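Note that subunit A is present in both complexes that follow, paired respectively with subunit B and with subunit C.
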Partner chain A sequence: MAEIDFFYQNFWKYWNGALYLVPYLGCLVYLVYKKDKKLMELFVWPFLILLATVYNPFLMRPIIEKMGWEDRYMRFYWLLPAEFLCAYLLARLVNRKAKREVQFAVGVVVLGIVFLCGSSLVKYIPDDNVYKIDSWVLETSELIAEASKKENPVILVDQEMYSSIRQYDPTVIEAVNNTEMARYMFTDTEELPVDGQYDDHSTAVSLFVKGVEVDASIMNEIFAERQVDFFVRNTRYYSAEYLQQLDLTYVGAVEGYEVYRCAKE
Partner chain B sequence: MNSALGIVIGLVVLSCIFWILGAGVCRLMGRKEGPGFLWLFGMALFLGIFSVVDIFTEAGGAAFHVLFYTALAVLVIAVALGVVYLVRAGRKEGGSWMRYPARDVWLLLFLVLLVVQIWYGMGNQLYVSRYDTSYYNGNAINALYTDTMYQYDAYTGVYVGKAVAWHDSYSMLIAFLAKLFFMHPLVVVNRIMGVIEIVAANLAVYEIALRLSKGNHAVAVWTAIIRALISVLCWNLGEVPGYYLWTRMAESKSMLANVYLPLALLAIVLAAEETEKKQCWIMLGVFAFAGATMSMSGVFMIPMLLGVGLLPVLLRRKKLKYWGYAVLSVLPCLAAGVLSFL
Partner chain C sequence: MLTILKTVILAFVWLVLPILTGCLFGLFPQREYRKRRSAYLIGSLTIWALFYGLARIALDGKWTLTKLTRVFCILLIVLTILSTGVIIYRWNIRALIRIKSRANLFITVIAALLVIVVAGGFAANRTEEHTVEQVMTMYMTDSLYEYDAMTGKSRADMMDFEKETLDAQKAAPVAAYYAVYVRMSNLHPAKFVRILLPVFLLPFYMAVYAAWAEYLFKHDTKKKWCFQIVVWLLYAVSLIADWSVAFGLYQNCWNGETLFFLGELPLTVLLVLGEKKQLREIEAFGQPYVILYYVVSAAAGQLLYEKGFFFVTFVWGAALAAALIKRWRDGGSLSTVKK
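Showing the complex of A and B:
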């Protein structure tokens, strides 16, 4: 049953809402009903072959496990040209030999249905700059460049900044490696094993970048050990009292972040 | 060049290169096609040529500047040959070797559709996976900054010797274009490649619909309009290609879902309609190779799509030589996949 469950989860995650799936299956049935040989050859038969092979849980499960494709399996649904086939058959419907008024009415109904189904336009974030990256990334990079005496300053940042700053600025070196950054990436703050900070510095730094106020003496050791030049604080994390215990000197601030030099002055 | 003008110049230059390569090779094969198809085919040729140079340069462990100058030299020679060939052909035949699009309301509608989508895509900063892009763009920016390929960790910038086991050619393409146009890699990815992805995705849909509807422009443009509306309005209804187009634009997997796989479908449609023509199989080979080398997932997905798409076509034709054509045209794509894993 584990096989079925994996494929069931992937199926619904991909076809969420089934907006694409139901019309797509309807289109395939329509092609069979109409006995359209050309389109059946291009769309129906490949669908059936995929159903028997790539979408067959019993055949694919061992292959997926062997290849390590668990998190990529959903991409196999891209092999189905669902959007295209629905759009093409609707376009043919709009353009069928009928009166212009009928064509227009069909067109309006089709576009209306698509419009009513959609809500993606709500998710629109106007861009700030030509790089299409948050402005605080650019400003933080500039602050560090101005304050740094080294060509390649070592920085310690949170997860959000970690995923962005080196896309823009290749001069900075991250003090936290990818394993440490990813260790608690999907763990809720309340569920973080905070006592792990005493196990080793690697675990301590993983907790610190998630906003845990790791013992200040441990963090000061880590700053020195990894030769961190700048600490970029996400202002959602760490109290003022806690920051005073760290060997830091304030450099400047941008929206959502503060930059500190790792040395007391 | 990190400006609107720089982006326009970059897009115009790339479009000219795509068009010259596509037109030159189509003319060489004696094939009459429209400007949209020539642009798409030229883009695949461009990506394919770059990938070949990239695969061999990386195998030799060379520095990034070796890749840059070698790829530049090869592309300049290819484009120069294309220009000379097309000028000669133009003198001889007066440009009758190209199929010109009808200048009607459908063409205008299609252009408006492209402009609206480009405006939506370029104005929207919504991005859902900075973690993934930090890997792709990190590799590109490391190559430019350190003049090496995949020797520095993309996330941290620390020297590691061999940073990744397997990869596609997309990150180095970004670095190549950034150096070529004196641009930041983020501008190349998010602007230049973003626009190219939107245009290519729409052109691919248009070209497939045009062929299926036996050259009916109205059906082709309506298909492009409805597909674009579904894509823009409903991308959040699942992890569909539209989701990757609008929230992870110009990532290699987004290009696979929205450009390379539709191009493979276009190649299947061509092969189904003109099975006996070798040129269709050559074009299929070019589209498949470009897609497989520019996306790691493409190494599996494209041969799989070609397999299931071509099987019914080949079974109906019942001629052994078509099986031979199919195997030969998919072979470069499979070879590229094997090389990626070595």
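Showing the complex of A and C:
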């Protein structure tokens, strides 16, 4: 049963807007009804072959276990030519022999369905610069480059900055690794296991980058242990009193962030 | 001025050289797809496949990025000379550059302008897309997959799981492919990936869907355009919610996985199907050009996506099985050649 559940979960992960599955299956049924041999070969038979092979839990379970593709199985659903089939039949529907007004009305209805059913992925955000990198990332990089005496300064940043700072200046080295950064990525601030900071430094740093005011002595140890040169503070996190307890020296600020050198002067 | 010159050279390599390379397939006597668009598509796959072969040698031999770039440049020059020679010798050059329809030219120019607007105007910074960091890291360290793109740590400082992640990236070295062009032009990786690559790659997607429209509607121009418009609309207003990398066509069309599933795989299916609107006969799979289609699509697929070789082979295997079943159902012997 757990095996079936794996396939069920993957199915919903892909088809969570299952509304579009309906026109796709409807198109397949229409092709079967029309008995168009060529289109059956192109769309219906491949679908049936896929059902018998890659979408067949009994066949695929051992293969997936052997190949270790659990996290990638969902990609198999991309083999379904849903857009192509829907677009094909919509093109035929819009262009069928009818009055121009009828064609226009069909076109409007089709467009309406497309826009109402879908969830728009495209959000137009004007670019800040030619690099298409947020300007605060560029300014932070430049602040660090100016203040650094080392060729490859080690930096500690929050999650937001972590995913983009090396796009502009790859000379910086992150003090945390991907696992530490991702450990509490999807945990709400209220639900963070704050006491975990005393377990080990790895957990402590994971909490710190989420904005938890980890014991200052632990953080100072981490700064020294990982030879952190610069700490980039998200101004939403950490109180002024807390920052005074850390071995930091203010360097400069950009919108939303402050840069500190990891050493008291 | 120098930047413009570099951009023109890059545009030649990404948009013109594939057409020239695709024309090399014209040396096969019975080959299909003789149009300029088909030459561009097959040529693109061929260049990607050649790079994949070269990258495997480079990665095994621990080459630097500079060395890989030099060898790849030589390969591109050889391809240019070879294909130009073949075109002059075997093809009518005028046929290649002739504009058959002014209306089509006008629509193509409009589409090209749209592409540039999309490429230049959209902010594409998605946190889960790390191509720029990967390219930047290789470019700055003059190495291939020796440093973690996210943290900047060298292999010696990495933990085992980090090394495994880096090795997994090597399986589909598409970032190295982009890094080679950055090394060639010395453009900033963020500019190259986010501004130039959409200009170079969106035409590939457009050509794939245009080829599909041609396959489905042959001579019905109105339906062909309608089909393409609906496909692009469906991608813009996605079928699926926001988890999908593949449907980020407008946001990060350079991403290997997106390019594979939305560009290369549909093209591979077309190559599998052949020009006729029915399945290939079993004999066709033994033709040298069909075998070559498989080789280039599989290698190009592996360049773009770590499971690309598997998916392409699955599609070709399924088509071969279907052709066998068809022959068996029609009552013919597998060894009998149809008259």
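Note that in this section the second predicted complex is superposed on the first by the 259 of 265 C-alpha atoms of A that agree within 3 Å, B and C clash if a C-alpha of one lies under 4 Å from a C-alpha of the other, contacts with A are read in each partner's own complex, and residues count from 1 in each chain.
Definition applied: a contact is a pair of C-beta atoms (placed from the backbone, for glycine too) under 8 Å apart; a residue touches a chain by one contact, two chains touch by 3 or more.
If you're wondering where the values come from, they're calculated on a predicted model, not measured in any experiment.
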Combined model on subunit A: subunit C and subunit B, fit or clash: clash
Contacts of A:Ile133 with subunit B and subunit C, given as first, second, both or neither: both
First (subunit B), second (subunit C), both or neither touched by A:Val194: neither
Partner chain(s) touched by A:Leu243 [first = subunit B, second = subunit C, both, neither]: neither
First (subunit B), second (subunit C), both or neither touched by A:Lys13: both
First (subunit B), second (subunit C), both or neither touched by A:Glu83: both
Contacts of A:Thr179 with subunit B and subunit C, given as first, second, both or neither: second
Subunit B versus subunit C as contact partner of A:Ser164, first or second or both or neither: both
First (subunit B), second (subunit C), both or neither touched by A:Asn152: both
Set of subunit A residues, in rising order, touched by both subunit B and subunit C: 13-17, 20, 38, 41-42, 45-46, 49, 53-54, 72, 75, 78-79, 81-84, 86-88, 90-92, 94-95, 110-111, 114-115, 117-121, 124-128, 130-134, 152, 162-164, 166-168, 170-174, 176-178
Footprint of subunit A on subunit B - complex, ascending: 2-4, 7, 122-127, 130-131, 133-134, 137-138, 141-142, 144-146, 153-158, 184-187, 190-191, 194, 205, 208-209, 212-213, 216, 218-220, 222-227, 229-242, 246, 253, 256-257, 261-262, 265, 268-269, 272, 297, 301, 304-305, 308-309, 311-313, 316
Subunit C partner contacts - residues on subunit A that touch it in the complex: 13-17, 20, 38, 41-42, 45-46, 49, 53-54, 69, 72, 75, 78-79, 81-84, 86-88, 90-92, 94-95, 110-111, 114-115, 117-122, 124-128, 130-134, 152, 162-164, 166-168, 170-174, 176-179
Residues of subunit C that touch subunit A when the two form their complex: 120-125, 127-128, 130, 132-133, 136-137, 139-141, 148-153, 159, 161-162, 165, 188-191, 194-195, 212, 216-217, 220, 222-224, 226-227, 230-231, 233-244, 246-248, 250-251, 257, 261, 265-266, 269, 273, 277-279, 307, 311, 314, 318, 321-322
Of all residues in subunit A, those that touch subunit B in their complex: 13-17, 19-20, 38-39, 41-42, 45-46, 49-50, 53-54, 72, 74-79, 81-84, 86-88, 90-92, 94-95, 107, 110-111, 114-115, 117-121, 123-128, 130-134, 152, 160, 162-164, 166-168, 170-174, 176-178, 181, 185
